[in-house]
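Structure, as structure tokens:
Note that the chains take the letters A, B, C and D in the order they are written out, and that residue 1 is the start of every chain.
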Amino acid sequence: MKFNPDEIKEATKGDFDAAWNEGKKYVPNPGINEKYPRISLKYGKPHPVFDTIQKLREAYMRMGFEEFMNPIIVEDRDIHKQFGYEALAVLDRCFYIGGLPRPNVGISDERIIQIKNILGDIGDEGVEKIRLILHSYKKGEIEGDDLVPEMASGLKVADSKVAIMIDHVFPEFKSLVPVSSQNTLRSHMTSGWFISLGEMCEYRKVPLRLFSVDRGFRREQAEDATRLMAYYSASCVIMDENVSVEDGKAVAAGLLSQFGFSNFTFRPDEKRSKYYVPDTQTEVFAYHPKLVGSKTKYKDGWVEVATFGIYSPSALSQYNIPYPVMNLGMGVERLAMIL
Amino acid sequence: MKFNPDEIKEATKGDFDAAWNEGKKYVPNPGINEKYPRISLKYGKPHPVFDTIQKLREAYMRMGFEEFMNPIIVEDRDIHKQFGYEALAVLDRCFYIGGLPRPNVGISDERIIQIKNILGDIGDEGVEKIRLILHSYKKGEIEGDDLVPEMASGLKVADSKVAIMIDHVFPEFKSLVPVSSQNTLRSHMTSGWFISLGEMCEYRKVPLRLFSVDRGFRREQAEDATRLMAYYSASCVIMDENVSVEDGKAVAAGLLSQFGFSNFTFRPDEKRSKYYVPDTQTEVFAYHPKLVGSKTKYKDGWVEVATFGIYSPSALSQYNIPYPVMNLGMGVERLAMIL
Amino acid sequence: MKFNPDEIKEATKGDFDAAWNEGKKYVPNPGINEKYPRISLKYGKPHPVFDTIQKLREAYMRMGFEEFMNPIIVEDRDIHKQFGYEALAVLDRCFYIGGLPRPNVGISDERIIQIKNILGDIGDEGVEKIRLILHSYKKGEIEGDDLVPEMASGLKVADSKVAIMIDHVFPEFKSLVPVSSQNTLRSHMTSGWFISLGEMCEYRKVPLRLFSVDRGFRREQAEDATRLMAYYSASCVIMDENVSVEDGKAVAAGLLSQFGFSNFTFRPDEKRSKYYVPDTQTEVFAYHPKLVGSKTKYKDGWVEVATFGIYSPSALSQYNIPYPVMNLGMGVERLAMIL
Amino acid sequence: MKFNPDEIKEATKGDFDAAWNEGKKYVPNPGINEKYPRISLKYGKPHPVFDTIQKLREAYMRMGFEEFMNPIIVEDRDIHKQFGYEALAVLDRCFYIGGLPRPNVGISDERIIQIKNILGDIGDEGVEKIRLILHSYKKGEIEGDDLVPEMASGLKVADSKVAIMIDHVFPEFKSLVPVSSQNTLRSHMTSGWFISLGEMCEYRKVPLRLFSVDRGFRREQAEDATRLMAYYSASCVIMDENVSVEDGKAVAAGLLSQFGFSNFTFRPDEKRSKYYVPDTQTEVFAYHPKLVGSKTKYKDGWVEVATFGIYSPSALSQYNIPYPVMNLGMGVERLAMIL
């Protein structure tokens, strides 16, 4: 409650303790519904995955890495360049992207009658307008968003009537079937790194230390907690004259130490991807004190958190890259669950 | 250069100025190649878009919003639910996703000869193994990644030979054509919000204040600086019994003030999307002192930066959502360019 | 090792597996001293206290609070205004600040001889210059830093000689004893808040929600881990017509929830500071799952982390503040140790 | 306003456009006082200085530096060790800290009468209790905060009466004059670095790259915008066998580039502090495009922002440090004003 400082100053000068005790009357005693925890203070909350992404970005930058944005849409022939005869298997797990074709529609006499039934008598030039607009649309001169408004404004009829007319008269639109292109969504960050490094090695000097924490997409039969169709990868590369698996170990330890991991072991990966030099693909196991005694399968404190390897000159050469490249990647969702 | 503190302490006690001057000899004078700017200090660098994303996340959280991750893959029937008769136009701009089918291959006698030519005499049971593995693959019991290794280990021949064999004997694999599903990549965050809010309104209480700064995908004819196929949107919703365009204005001002914008005007959007209540779709123009005098078309300081509106009960009802929802979105790349 | 992409491309086309295996030769096998963990990647590391400060700043801002910088130097009469008859006890724990006085020195004939012995014959006008400079220094017209350079340049002798001369001839400088002023270093943030709020209530409207995470100083007999002479406090105030202890509870819960605390209890503080309304001073106990089973005295998971109360109108009135004020504070070092 | 999704779903199925238009009635049209800008969204706001501090912390960490907290209270003999004959001038600008002494008070017969007049007849043992408590207080066994409560509880009288009694009977308390110690508040970060590095060189290996963004205190005649008694310094050190001014240049450029500065020049500082090796003290001038055309004295874009140098072996030896040390410092408030 607002009070009068002058009065209270006076009272305090007179009898400090009495005035002090009087202070209570300016503090309301809220009813039950205005009491904690019925009242609470809302605060902005981060999502754990995006929170982990931000921590990973900071951790990479604190190791001196530069952030990069890689292409997310990759042609299937890039997969062939990167994976050789493994490409088929990889593409089996990739999403291809495509879209709706634009139909080639004709306006028969019968259809003209149907159109006029719905829109009213729009005359021959009205029909001609529709024909021209459909033609422009087919050729890509008119965007999908603009088809209905364009007709409506050309014919001076309501949007909704045009929409109904197209719906009834041109069933071709409803029966459109999407068609795939040769483009895929990157299934892992490596597909993007090859393209980016191939371009960069023309204008940037080695050593290059780059990172990206961004999405990958995997076509899966079923999506569950450990298998996400859209997932986040925290990936980095070091391109330099001399890079070796030791760089991978040092990056893994430097990165993971920043998240409280305190011990690391490295095991050769049984999977020997063709885009890595043989015997360089390495799994990173790390120890986190917080996991000890947890009700997970990591209760001894150890968990597999990352993989690294040296990109194969066979794959690098397809992009005219003349330097070996260390690549390390880790799943963000997994890290978010551990932390 | 390392030095002996005891000696120098002694010398300093004797003749401070002389000892002080002597200090120079412990500081090397590097050769030209060890001099700045030939030597420099590498530091971690953020990418401007991801940097802006992080600033937007903070700005939303400082307004008390909670971060949410929306579905990135959306069925096309959701677009129909959200847009009504506009859906067709919207879907024209969406990417559909699909993938490679798995071929149904037979093993003729002629093919058996070819196989043995490449792999050596693997016997009848070898051929039978191939048949079984191809069958399991077709049924989805074997992952694409595992097809070659599975055969190689079953037949005890090298991976590469199996790969060559498949390449030569089963051209069906090479001629696979990807097939689209009915799933699309969200073209704007709204497609995701409807799905998420529809689920949340069962277990969360209003008011809900959520945000997401994440990707959208637009199928475009050509990709250039202002039109990106994959772009970032900073989107938020307020779901509450009483929300109005005034909430949109307040959110826009609160959010943009944090980026140095200092003045705001609001104009009804000419585009009247069907997922917004008529006449609520509003364009946000903001003034940034930094733009004044810049060599851009915004040199008067004003720029269009965001759009908001109230989701239509018609669309909300499709998801059994009983409350109006204010939605505001802005393009991240555009903001990154301005800042 | 750098390689020739064209050659490798050719080799890969010829025999993929052979070329792939050859890739190994471009990856160095470092000697023992270039191996992990002898090589490691340095990364920027935050100090735990400053890291916690930053997290507290974010947490306050995500509750919508505005950051403020309070005066760190506070006159002792402010302590009297705030604490009434408790002031004496409080000031006993405060650092007073002071400094060296500037001596009033005379130049006797004997000293003139000493000066000339050291500096050489600087003549009468040299002596006069010294006299004038000493006088200006005394009056505060010359800064301490400039005393020696000023004389050296005026007399055209080396800095070091002047320094030696002052040292030998004017022992008054060496025997200077610092003198305290009536200014103190704030012993807790409250001393600053009263001053700041007193000024702000003239030009800012209620409600005001402000925070500051900054230093306080306490004069202690001994400094150890739990008692720091210089420590950090994370403090906030809400000034509004109606504030009560419920606001304190809501702020405590909102703030601490962001650090993983999940349960809260509140107990009236036995200490009844005069700057709080009687019976509003409250201790905050919070439960953190991470503490459970820890080798600390908090192994049941509960720890006292904060204190809040409503500033007394008696104290507020001294600063002409007409609104009650909720104040909450917590020690940063303690929180840093828990996290 | 809440609505019934089932009803609206039905209506939408019947006549999409009509139902869509009806949507308006669920969106309130707020009265003038609920309209923007009368309503606004509060958001958490950082203070520009603390915001700049955080950016500087990040910038240092992104160059791989480790954060450190240096002593803020420094004995005056450390200044002598660091500055040699310059110490006097430096100490003239330092705050000394001190505190109130504890009075040695006697209880005369006259005072006993006064005491009983105020407190009532407390008997001989009451007087003895007072005597003992005052004695314990003098010896430091009782904290200042506890003097009044201790007496009150010992004598079973009200706090306030005890306070009045002390006030009337023991004027010694009121006439206490603070006494300075030989401790000072660090006037710049260097005073702290010498102490810290002296300790660290025993247990840490070179190279060491440390930073601290923290307070310094300067005793000034008058405090204004450019001269603050309490200010923030962003300081760093590199301790290594070979460090030179080139390291200072590289650090300056790396740090400032992160704030948008794009060009750097370096000038020998006219001030030649004794804690730096002669001729290594260097002023950093930097160019910021944002300053160009500004209404400041930096309208050509150039501003002096930092100073660096190599610590003198003469000063380092006083702390038994055997390596040269590059030190760079810049004022935070100045940077905050520029940004």
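One rule holds for everything that comes next: a residue touches a chain if its C-beta (ideal position, glycine included) is under 8 Å from a C-beta of that chain, and two chains touch if they have at least 3 such contacts.
Given the structure is predicted, the values throughout are model-derived calculations rather than measurements.
S.K.: For the interfaces B-D and B-C, which has the higher count of C-beta pairs in contact?
M.R.: Pair with the higher count of C-beta contacts: B-D.
S.K.: Could you check which of A-B, A-D or A-C has the same interface as C-D, with more than half of the contact pairs identical by residue number?
M.R.: The chain pair with the recurring interface is A-B.
S.K.: Just curious, how far off is chain C from chain B if you go by their C-alpha centres, in Å?
M.R.: 40
S.K.: Return the residues of chain C touching two or more other chains; collapse runs of consecutive numbers into ranges.
M.R.: Within chain C, the residues that touch at least two other chains are 16, 42-45, 61-64, 84-85, 160.
S.K.: Where on chain D is chain A touching in the complex?
M.R.: Listed in rising order, the residues of chain D that touch chain A are 16-17, 44, 58, 61-64, 158-160.
S.K.: Show which residues of chain A lie in contact with chain B when the two form their complex.
M.R.: For this pair, the touching residues of chain A are 42-47, 49-51, 54, 57, 60-69, 72-73, 85-86, 88-100, 102, 140, 143-148, 160, 163-164, 166-167, 173-174, 177-180, 182, 185, 209, 213, 215, 217, 219, 221, 229-230.
S.K.: Over in the complex, which chain B residues touch chain D? Could you list them?
M.R.: Result: residues 1-9, 11-12, 16, 19-24, 26-30, 34-37, 39-45, 59, 62-64, 84-85, 241-246, 249-251, 253-254, 257-258, 274, 277-280, 310, 312-314, 316-324 of chain B touch chain D.
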